[in-house]
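For clarity, chains are labelled A, B, C and D in written order, and residue numbers in each chain start from 1.
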Amino acid sequence: MTDDSPRNAAAPADRPERFAYFGPEGTFTEAALLTLPEARQGVREPYATVPMALDAVRRGDADAAMVPLENSVEGPVPTTVDELADGDVLLITREVILPVEFALLVRPGTALEDIKSVCTHPHAHAQCRRWLARTLPHAHVATGTSTAGAAMAVADPTSGFDAAIAAPIAGERYGLVPAAESIADRPGAVTRFVLARRPGPPAAPVGFDRTSLMAYLTDDHPGALLEFLTEFAVRGVNLTLIQSRPTGDGFGRYRFWIDCEGHVADARVGEALMGLRRICSDVRFLGSYPRADQGRIEIRRGTHDSDFAEASAWLHAIRSGHDL
Amino acid sequence: MTDDSPRNAAAPADRPERFAYFGPEGTFTEAALLTLPEARQGVREPYATVPMALDAVRRGDADAAMVPLENSVEGPVPTTVDELADGDVLLITREVILPVEFALLVRPGTALEDIKSVCTHPHAHAQCRRWLARTLPHAHVATGTSTAGAAMAVADPTSGFDAAIAAPIAGERYGLVPAAESIADRPGAVTRFVLARRPGPPAAPVGFDRTSLMAYLTDDHPGALLEFLTEFAVRGVNLTLIQSRPTGDGFGRYRFWIDCEGHVADARVGEALMGLRRICSDVRFLGSYPRADQGRIEIRRGTHDSDFAEASAWLHAIRSGHDL
Amino acid sequence: MTDDSPRNAAAPADRPERFAYFGPEGTFTEAALLTLPEARQGVREPYATVPMALDAVRRGDADAAMVPLENSVEGPVPTTVDELADGDVLLITREVILPVEFALLVRPGTALEDIKSVCTHPHAHAQCRRWLARTLPHAHVATGTSTAGAAMAVADPTSGFDAAIAAPIAGERYGLVPAAESIADRPGAVTRFVLARRPGPPAAPVGFDRTSLMAYLTDDHPGALLEFLTEFAVRGVNLTLIQSRPTGDGFGRYRFWIDCEGHVADARVGEALMGLRRICSDVRFLGSYPRADQGRIEIRRGTHDSDFAEASAWLHAIRSGHDL
Amino acid sequence: MTDDSPRNAAAPADRPERFAYFGPEGTFTEAALLTLPEARQGVREPYATVPMALDAVRRGDADAAMVPLENSVEGPVPTTVDELADGDVLLITREVILPVEFALLVRPGTALEDIKSVCTHPHAHAQCRRWLARTLPHAHVATGTSTAGAAMAVADPTSGFDAAIAAPIAGERYGLVPAAESIADRPGAVTRFVLARRPGPPAAPVGFDRTSLMAYLTDDHPGALLEFLTEFAVRGVNLTLIQSRPTGDGFGRYRFWIDCEGHVADARVGEALMGLRRICSDVRFLGSYPRADQGRIEIRRGTHDSDFAEASAWLHAIRSGHDL
């Protein structure tokens, strides 16, 4: 076998080697990616925007992309949600949850009282709003596409910015030093990142799985959402997130990002998804993958796979007239 | 082939020839049985009680038994319900609904004003109570096991009974004449009869089917019944009867006779039954059979067999990673 | 004070003195009535039928009537249910639950093997059916309006009956002796009796109350019953009985006897009843009264009277713009 | 009457005169404010951020503040939602829905092909992303706190920005001209603005009202959200928006922004709100106000105010024992 063997030409489906991420270097997203052993060993390439990182996977320039999905303070990242919902299908195969730690980063020599302008990402701005109002009430705040990008800008003395709110890692990366640390208004904030890949079989169940999907309600008659949720409840499937997203063509039309406990291979999740499929105008499956918190799933009596299998055997017997 | 050919030795599963019924001759149940062409051509044998008629089928002495299940005034016939629920399994394959017409039958020569004692069945008594109170306020009323039995008794001048409340057919059968006709307090009453057979494949779907079953709730926590009914509602299966029946060992334990629209071969009915099976301590399937009223079934959007098949194919594709 | 004092002219609303009951003497119903101290001290008059006992109260000939409502083996007593549902309104103010003990009563000198004919009430017959089939397979069984009436009949040697199935008390009353005791097929059967009075304020809450009502569904669209039960569930009100009763004009129209935990004076029960009233074509309140089993009621979080009062005060503040 | 008369000192509660809005001049929010006749006649003052505009009302510096709440493409405006949910209570008394029309605004003399850097607000960026990628693939995009602020910045030739994406009105205001018009990726986008005031009685019902509230689920047991929605459904109250918002201290804890049809003064809405109040750990009422689209509300049978009043009178009669 030569060096040109196919095994080296492309990563096998279950072992990505080339990783795209929402960059530049120094973002929280890069930190999330680096928690994955295979990513530390693989090739990592930053992209300027979430859509660009995801498109790299779609085109085949990368095997997987790490992007931020949701922040415990700011909520969903609309770009990520809409890209996964509307763009060519990708599947989530991993999630990473990281604590969010913000520092006010400056060029060496800048004192806190000298800061007149601050650059950051809107989510970071939102999470440090009260600290800024208290500490730098007169500073002008500009927002860009990432916190790392803000740090990169501040590193340039001609940028007009005195400080960046960013992850501590971004300071190391761009030669900045902290003028203040742990400045988030609410300590304990976390961000959830997901690793998306081209369509294929979902990740194998591990017993603490999560399933994501996008569902479009057919209409908004009173009780439509209730019917929708009943499809989960009647099969004992617990939701961990429900997020209505505008459809872009007026209010009042519902589409929902749903995260539920369990794996699409689980009988109860599968039947719930089929139920949604039947009552919704569309359902997009976005992946089943291990929960980062490895939280134990409480399975309600009567909804284990074995309960479904037993009931199915019973129905078969009834229908065929055997073994009653 | 000789006269001893197997075809004559026993009726094939789909063509009963020997019929038991709740007798004696002249009951409404015999009238119900005679509405079936195969019964008119077959052998018909009356049994003194509903359990005896059903046991004849269980033993193989008859291919099918016609018994009364429910009366529009009096409600379920407890003996029939409990026999089908608790005895060895039988399947309902037909139903017949007959108007109930009561006459006051006497021996020729008896005048209305001479009647001192009346014999009938408790259900018939209940349905003619006000007419009796108005017309024969001082008559003594005794009840026996059937209206036809009451007519047979009255035919005997030494019985001590002057009149029977029974079906007109019973008068013809036992030589009685009507002293009054159409004496039910509420005109329009009907009785529903069912034909029960030994277990086997259910009757083929005809598009206006009904399914009967007995379900035992596991416990009686608040909302248990609601969960139970949700298993039907979420699959768009409409109930036509729900009847709680005591379990015989104290109040507050629920078991239910359920009639629903549709056939066990329908995907929506099958999935609902599996759902029940998973949450109930026990479910007994009692048959799928054509509705006597041939009422059209409204199938809710998303619950046709084709909707279930499409959703199942979609789930299969998701799980296998194909054709997303 | 003279003999014409008001105390003697009529019992005060909360202290009945004249009691009707479903007789004759010796019925289980009389035994139930005698468990009430006020009935032991008051006047007790048997009536031949349940409607007659209830009509005595309606006419004012009695202050209260004790009647059987439900048997743990046979289910509801249709006559009682329908009389309370359809006749002039009466309110249930008490319930009594008694174990049912059946004996085979004979005239002194009759041996078990001599018994050719047995007289009893249909419910008693149903509950001893297997014992009879086993012990007296060839005996003829006739049913009358009460077990005590059967005992009374057997006491007359010219009645043509050799034995009665009845309560042991009926033997004492009519000079019969037991040929066999405890003959019910299922030991542990109980019957529930209710004391009905003319309309007035319900009995005061005691903390372990039950409320009875009759509800008529407006239509039978899929899910109508589910909506109905949701009115209870959403307010945390647990049902202890649901019994569909035919309306007398065809199947498929639903009316329900409902027993629920709690008292009409409880906020959660009151709001549930108003909810029913709004979605049903009719609701008849049949009384709130202490549960005979004095079972402790589990009140779900958020459904105590204090929770309703707090929420109501909050709504008032919102609506008026005060104290937000 | 002197100049110091109280009538002049402050606007009466129902007639605001001093309006704060999310500025600077030229924002869509100013355009929304100018649709209100009273605002056109009153004093209007721009504030740099949504919290600052709302705080002006809280302090009494303004009678009312207009702020953006929701965009049909981007979803809720997190700052507005969280400020109304978490800050000192304010009430929404009006809503305005405006089509969103974006233009690429430049200083006179700038050609489309000269544009290297673009400034705008993140929501505007998101809504024109594809147009930008197609038309100006190499332009750098910076985002600030408002589209009008971006236009103001571009007006300064030393700003380093060549173009702003903003409302056409911002061009007029800051002396810019359109290099391209109607550049949103999805035509038909609209933004919903709300007018918030200090607490007081809600706006009077007009028959096409909307009610907003923030609700905190007590826990996340399976079905908790279903119970929550059932409080609305059982009273026939239709939701027009449900949006889960992170609580800021980890995922999986639910709080929801809810918009429903109807007015807090409507009986069905009031009872639903009380139901929420009883099952939620907290509920904040955010106002009842006319729907901008004046959409007719379908009131389900049994949920009119008159139905509630009738049921309440019936319950009162039952409880008191009168008029049964």
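As a working rule, contacts are C-beta pairs under 8 Å (C-beta built on N, C-alpha and C of every residue); 3 or more make two chains touch, one makes a residue touch a chain.
Remember, predicted model here, so these are calculated numbers, not experimental data.
A.B. asks: Return the chains shared as contacts by chain A and chain D, ordered by label.
C.D. replies: Intersection of chain A and chain D contact lists gives nothing.
A.B. asks: If you average the CA atoms of chain A and of chain B, how far apart do the two points sit, in angstrom?
C.D. replies: 57
A.B. asks: Express in whole angstrom the distance between the two chain centres, defined as the mean CA positions of chain B and chain C.
C.D. replies: Distance between chain centres: 27 Å.
A.B. asks: Using CA atom averages as chain centres, what separation in Å is found between chain A and chain C?
C.D. replies: So the centre of chain A lies 60 Å away from the centre of chain C.
A.B. asks: Do you know which chain D residues sit against two or more other chains?
C.D. replies: 230, 233
A.B. asks: Give the pairs of chains that touch; include all such pairs.
C.D. replies: A-B, A-D, B-C, C-D
A.B. asks: Quick check: in the complex, which residue numbers of chain B touch chain C?
C.D. replies: Residues 51, 70-76, 78-79, 97, 122, 126, 129, 141-145, 160, 186, 188-190, 192, 220-223, 225-226, 229-230, 233, 236-252, 298, 300 of chain B touch chain C in their complex.
A.B. asks: Which bits of chain B are touching chain A when the two form their complex?
C.D. replies: Chain B reaches chain A through residues 89, 199-202, 227, 230-231, 233-234, 264-265, 270-271, 273-275, 277-279, 285, 301-303, 307-308, 310-312, 314-315, 318-321, 324.
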